[in-house]
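Next come two complexes, and both contain chain A; in the first it sits with chain B, in the second with chain C.
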Partner chain A sequence: MLWVDKYRPKTLDKVLIHDDVAQNLKKLVTEQDCPHLLFYGPPGSGKKTLIMALLRQMFGPSADKVKVENKTWKVDAGTRTIDIELTTLLSTHHVEMNPADAGFQDRYVVQEIIKEMAKNRPLDTKGKKSFKVLVLNEVDKLSREAQHSLRRTMEKYSSSCRLILCCNSSSKVTEAVRSRCLNVRISAPTENEIVRVLEFIGKKEGLQLPPGFAARIAEKANRSLRRAILLFETCRVQQYPFTHNQAIPPMDWEEYVSEIASDIMKEQSPKRLFQVRGKLYELLTNCIPPEIILKRLLYELLKKLDSELKHEVSFWAAYYEHRMCLGQKAIFHLEAFVAKFMSIYKGFLIATFG
Partner chain B sequence: MAPLLQSSQPWVEKYRPKQVKDVAHQDEVVRVLINTLETTNCPHMLFYGPPGTGKTTTALAIAHQLFGPELYKSRVLELNASDDRGINVVRTKIKDFAAVAVGSARQGGYPCPPYKIIILDEADSMTEDAQNALRRTMETYSKVTRFFFICNYVSRIIEPLASRCAKFRFKPLTEAIMSNRILHICHEEGLNLDSEALSTLSSLSQGDLRRAITYLQSAARLFGSSISSSDLISVSGVIPEEVVQALYSACRSGNFDLADKEVKNVIAEGYPVSLMLTQLFDIVVEADDVSDEQKARICKKLAEADKCLVDGADEYLQLLDVASNTIRALCNLPQEFSYEG
Partner chain C sequence: MGKGKRNAAIVISSSDDEDDKDFFLLKSKITSASLPRINQKKRAKRASLSNSCSSKDSIASDFGEIKRFCEEFDEGIRGFKVSTGRGMGNDLWVNKYKPGSLEELAVHKKKVEEVKVLFEERLITSEEKLCNHVLLFVGPAGVGKSATVHAIASHLGATLSEWNTPTPTIWQEHLHNSSSGLRYTSKLEEFESFVERIRKYGFISSSMSRRSQVVLLIDDLPVVNGKVAYGRLQRCLHLLVQSVCVPTVILITDYGKADSADYSMRFWEELQLSLQEAGACKVAFNPITINSLKKTLARICKEEQYETSAEQIELIAKASGGDIRHAITSLQYFCLKPKQLPSLSLSDGSSPCLSERTDEITHLYDGSSLSFGRDDTLSLFHALGKFLHNKRESETFMVSDRDAITLKEKFVRFPLKMDAPETVLRQAHGQSRPIADFLHENVLDFVSEEAIDDAWVVASYLSDADLLLTSVNGMVARNFEAENVVQSAAASVAVRGVLFGNSHPVPPRWHAIRRPKLWKVEQSLWHNKCQMLSQRCDTCNGLHLTDPSVIYTEIKPTLKWIKHRASEDFDSQETSPCHMVENIDLDGNILDDKNDMASEDEIEDW
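For the complex of A and B:
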């Protein structure tokens, strides 16, 4: 088992970071009438861990016994029936799913599947009625229509069902849905907190950590705990005993983006643009999300640019990312950004050096 | 209304008014509906207004009061955005429901007027085609059905439908009314709220009573029965003043890297950028040492970024762009870029 899973705290009392949030959650579910919850925060900040621990707090160890189900639902969409394939994780008390996986059909998931689930109240072993929990991931990726469809379901079946929504950016969740939940912000752990977790894992694994080693990993992890633990494990595989100057391996794709940045700073020409397009394709086919590529590229460029240019380049990054999310083919917009950058940078070079 | 049995519903549902007369602040519609209860005359209705102002509550309450629990199922059809309301459903389901004739025998003390009620909640998410298909249905069965349309944005309802209805705008609740309702709940639940906390709660929820009730319940669970103003702020998730100020001062300093660092921090802390834009807006508008032209430049960008966020754009990039634009405005750098090819 990977350390990220092995050292995922199982209960709200055992969490090493966000323990204030954990204690609050515990109080929140002491009564049966807790409101719907919306967890939001950056990737790798520990939302999932808290949600799982919360379920356990509510339902005891049986919440851990989950099975994965791949199911195809037949949904009646007026004139025709459509098939929707969806993976769900379920225990006796909760169902977890990612409705945005259904793409542009996500509306049907909410209207048919989620509503159906919310309606049916589970009977617990004593035959007493209790409520069940629906965990919906990535609600920020849901279409507007799908989010609208959630609204009334959240009110109508609130005596039999609680929703736990989870997302990265709560700005993308509509006002009406947010108004129906208690919003729980999960911040990314600070470097110090990451160090604490790494040292804890090191101790459990019986490892010797040279001074400052954990801090160096934390620095590279960009405030993502998941990433820090993965890095830590990679280091362990690469070389043990650790040395104080042991290299912390960067992610492959980040190396690659950094190369692209150097490429386009060195030469601004159609030929170079063509080469870079190949590299961008490569990243996309490796499933690196386009906005992540764009942000990383901007990050690399900002490191190297004159302050005057920084404004201009970040403006265009925001501009093309926005168009990218309205359009369909990410590569067009990534390439457009690169071309724009080349033209700006060339203009700058000519103005400065003639 | 003492809670006899342990309710498992969140407070928003528990304290949803069951009777039209208990709906707060929407006097106009309440008056018309109370009149309806007496005369049983009722036009088609269109309720619109921001979330948590009582639209659904009012529609459900009047339907229940007109027909009582027995007849409710056969007389009232509630369709909301969680139901498929494509054009086919409009043509079949609504028509089938409307077509079955009804009698007008008064039953069990309820007025039971001789028509059916069709509540189309969250109607702004209906397609235009479906709305158009409704026109005919409305006309054909106008004797035996009343439609209630409910939506947040009245502009999403096509004119031919809207013009057939009595329109009522649901206003955001005023602080006084909100406080009243909140105090009532505090009384029922045995909570203690001082006047400062009460006014904080009203201003935090910006006229959305549902939000106010959710904050109140959360705060009650987290901090016990005595709730202070700062408890409420912490459950509401507004961005702490220091954080907003830190970003603003970084922009004032004119240093791009400093601003970038603050933006990264905002993102890592998980603060919603849309909220950050609102709070920045407040600071900028009130700043004495910023010229009108500078304010205009900054606010224009805030508006653009807000729109981009709604479209699903990346929060970091948008906020960085806002920060960069703010720097340039505050430092009187030219609006146009110099090297645009």
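For the complex of A and C:
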């Protein structure tokens, strides 16, 4: 088991960072008046951990007994029936799923499946907790229609069903949904907090941490706790008695992106562009989301770039990132960005060095 | 075969002396100059033929059927070659001016000579052991393959024995037959049994070919569909080529350019190859040159006493694309309404001559609306080649001075050496998404090494095209009209973007057009995603569902790393991420082949 899972706090009391939020949540639940919740924050900040702990707080240990179900839902959409396959995770009290997995059929998922589930109230109705909890991940990736129908579902079944929504950016969630939820913002942990967690894990594992080592990992992790713990573990595997200046291995795809970046800097020609395309394809084949590739690529390029060009390059990156969201084939836009960068950079080189 | 309006007349005729031959579904005739007689005879034969084949057993019961057959034949439409409108009393010129002698053939003299020599070889040495008796004539429709065979045969005094595919069985007829106990035999089966007989017995039945020599002409191969049927036909022909003892001519119409995506085209090529391997001698016929077309047309005009200017004849000749049958029919049509011809316009054959270019541009759309003229089709790859090679005039000229908008230097491009890109797209039946994908995949090869700016312009236009195509998927889901417009707009943006952006194309050289790698990438991406999603629960201990992108970017790499380190031998399947799904290639094969083929013939074209 990865440390990320192993050292995930199980209860709200044991939460190491965001303990203020945890305490508030605990108070909220014990007072029995649980509204719909919307957790949002950057990746690796602990949203999921808090949600899990919250469920446990609400339902006790039975919330941990979950089973995974890969179910095909038959949705009646007017003239035809649509089969939608979705992976869900269910316990007696809650259901968790990623409705965005259904792609462009997400609106049916939200409308029908949630409705259906909300109707089936849990059996132990004599207890106080006569509602079921639905955990929806990646709400920000839902289409607009799906979010609208989510709103209606929320209102209609609020007596029997509580929704916990989870997303990275609340700006992509419609106002209507946001105003019906209690918004809980989970900020990214600071480096000090990350260091604290790493030291805690180190102690539990009985590891000797050289001074400053945890801080270096925290710095590398870019304020993502998950990333930090994963890096920590890879370091542990790489070499145990940690040395002071041990290199922290980056993610393989990040290395690959920086390779691409140096390729681009070295030569600007259609042939090189073609080679870069091949490498981008390889990244895409391995399911690295194109937005993340572009972001990382920009980051790598900016590191090496004259500050004079940074503004323009960032502008074009933003431009093509936007188009990527609108478009369908990410490679067209990624490549256009690379080509633009090459063209800018070549012009710059010629202007400066003649 | 027999189509069109039906006459009410009932004709039942059977010529007794030829019955046995008809029974073999084999028609013999002496190719002589006197056409009308042959036609009548032929008609009679057809009737008796239908008689014999439809009612082998139960003649009495099939009267109605025979009647229907006869009605059909009575029109006198016979095959594709001779389509006489006898009943109208006005001959089609195509038949009227069927070449009777070698001199009248519009086919190139040398080609005729070559074919003649081949024929002579086979006719003279047929008794001795000549290695092969089979000639394979290949060429586009209407270039005079059959006419050459007929003319030469008559010149050498040989008898032509033709195989013609029997008339198709219509459904009612089939029902009738099967109710009366007749088994349905497909045309392929009939052809097979015919070939069998030819191989075994040669010609025994024909009464008139005793003295003269016989040439077997297989003009009309049965239409087959599906790989199995193709295989049967191929085997059957192969056997024929290997074992036939009489001079045989097989005509294959080459549809190559017409529809590229068709499986059947590939089949015909395979067939030709296999026949050649078996020893058949292939003779390729090229489209008839404009000059000889003009000569033939002028001769016909003179004989018909119509006044046509040389210009008009030239126009018809050009519009026909080397198809003489089409040209003659066009001429006849044109002579019905002599006024209709636009003064000067060309349909497709773009000439490099500058003075004509202006006219061509102004009349470009007249050209496509010409009342005759064939709409040329292009293969997708040919069109892509046009776009990618981006051939342009070497110097600019003013199209019209009055409303000329002077463009900035960097936007000016030389005029294209092709039709409007949209026209080319239409001719190639290009769908916008694949077009964009293909262009994207291949365009970088055609951009000159220095011109990264061009590469960017091209890439940005392709990105625009992608946006347009996406909007098709999303917003106007059910509005096909709008969808069409957006689709063609996207294709146009992609193509014109490529043409405009690539302002410094590399000098033409050999380029193979690749299949978009993107397709494969998408396939394996999808596959990987599914795989990872199914593994999702294992990776995060089943307690909750994790964001997929987190899995892809963080957990998976870490796991891989750790596994790789921890146990070097454990990583049987997941060592290198990049080679995990190299082997998925679901429908790539077909396309690959197509690709190769297309690039070959494209290169030839250039």
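Keep this in mind: the second predicted complex is superposed on the first by the 349 of 354 C-alpha atoms of A that agree within 3 Å, B and C clash if a C-alpha of one lies under 4 Å from a C-alpha of the other, contacts with A are read in each partner's own complex, and residues count from 1 in each chain.
As a working rule, a residue touches a chain if its C-beta (ideal position, glycine included) is under 8 Å from a C-beta of that chain, and two chains touch if they have at least 3 such contacts.
This is a predicted model, so every value here is computed, not measured.
With the C-alpha superposition on chain A as described, chain C and chain B fit side by side in the combined arrangement.
Looking at the shared chain after the overlay, A:Gln238 reaches chain C, while chain B stays out of its contact range. Once the two complexes are overlaid on the shared chain, A:Lys346 sits against chain B and chain C alike.
Residue contacts after overlaying the shared chain place A:Glu175 against chain B, while chain C stays out of touching range. Applying the stated contact rule after C-alpha superposition, one finds that A:Pro35 touches chain B and leaves chain C untouched. Contacts of A:Val68 after superposition on the shared chain: chain C is touched, whereas chain B is not. For the pair chain B and chain C, the least inter-chain C-alpha distance in the overlaid model is 6 Å.
Counting contacts as defined above, chain A residues 326, 340, 343, 346-347 meet chain B in one complex and chain C in the other. Contact residues on chain C toward chain A in their complex (touch as defined above): 436-437, 440, 444-445, 447-456, 458-460, 462-463, 465-467, 469-470, 473, 517-518, 521, 524-525, 528-529, 532-534, 536-537, 539-550, 552-555, 557-562, 565-566, 577-578, 580-581. Residues 6-14, 50-52, 56, 80-84, 86-89, 121-122, 124-125, 152, 208, 210-211, 214-215, 217-218, 221-222, 235, 237, 255-257, 260, 267-275, 305, 308-309, 311-318, 320-321, 324-325, 327-328, 333, 337-341 of chain B are the ones that touch chain A when the two sit in their complex. Those residues of chain A that touch chain B in the shared complex are 24, 27-28, 30-36, 40-42, 45, 76-79, 108, 110-112, 115, 131, 144-145, 148-153, 155-156, 158-159, 169-172, 175-176, 179-183, 185-188, 223, 291, 294-295, 298, 302, 307-312, 314-315, 317-319, 321-322, 325-326, 340, 343-348, 351. The residues of chain A lying in touch with chain C in their complex are 1-2, 4-5, 8, 43-44, 48, 51-52, 64, 66, 68, 70, 87, 89, 96-98, 101, 135, 137-138, 226-227, 230-231, 233-234, 237-238, 249, 251-253, 268-271, 273-274, 277-278, 281-282, 284-289, 292, 320, 323, 326-329, 331-333, 335-336, 338-340, 342-343, 346-347.
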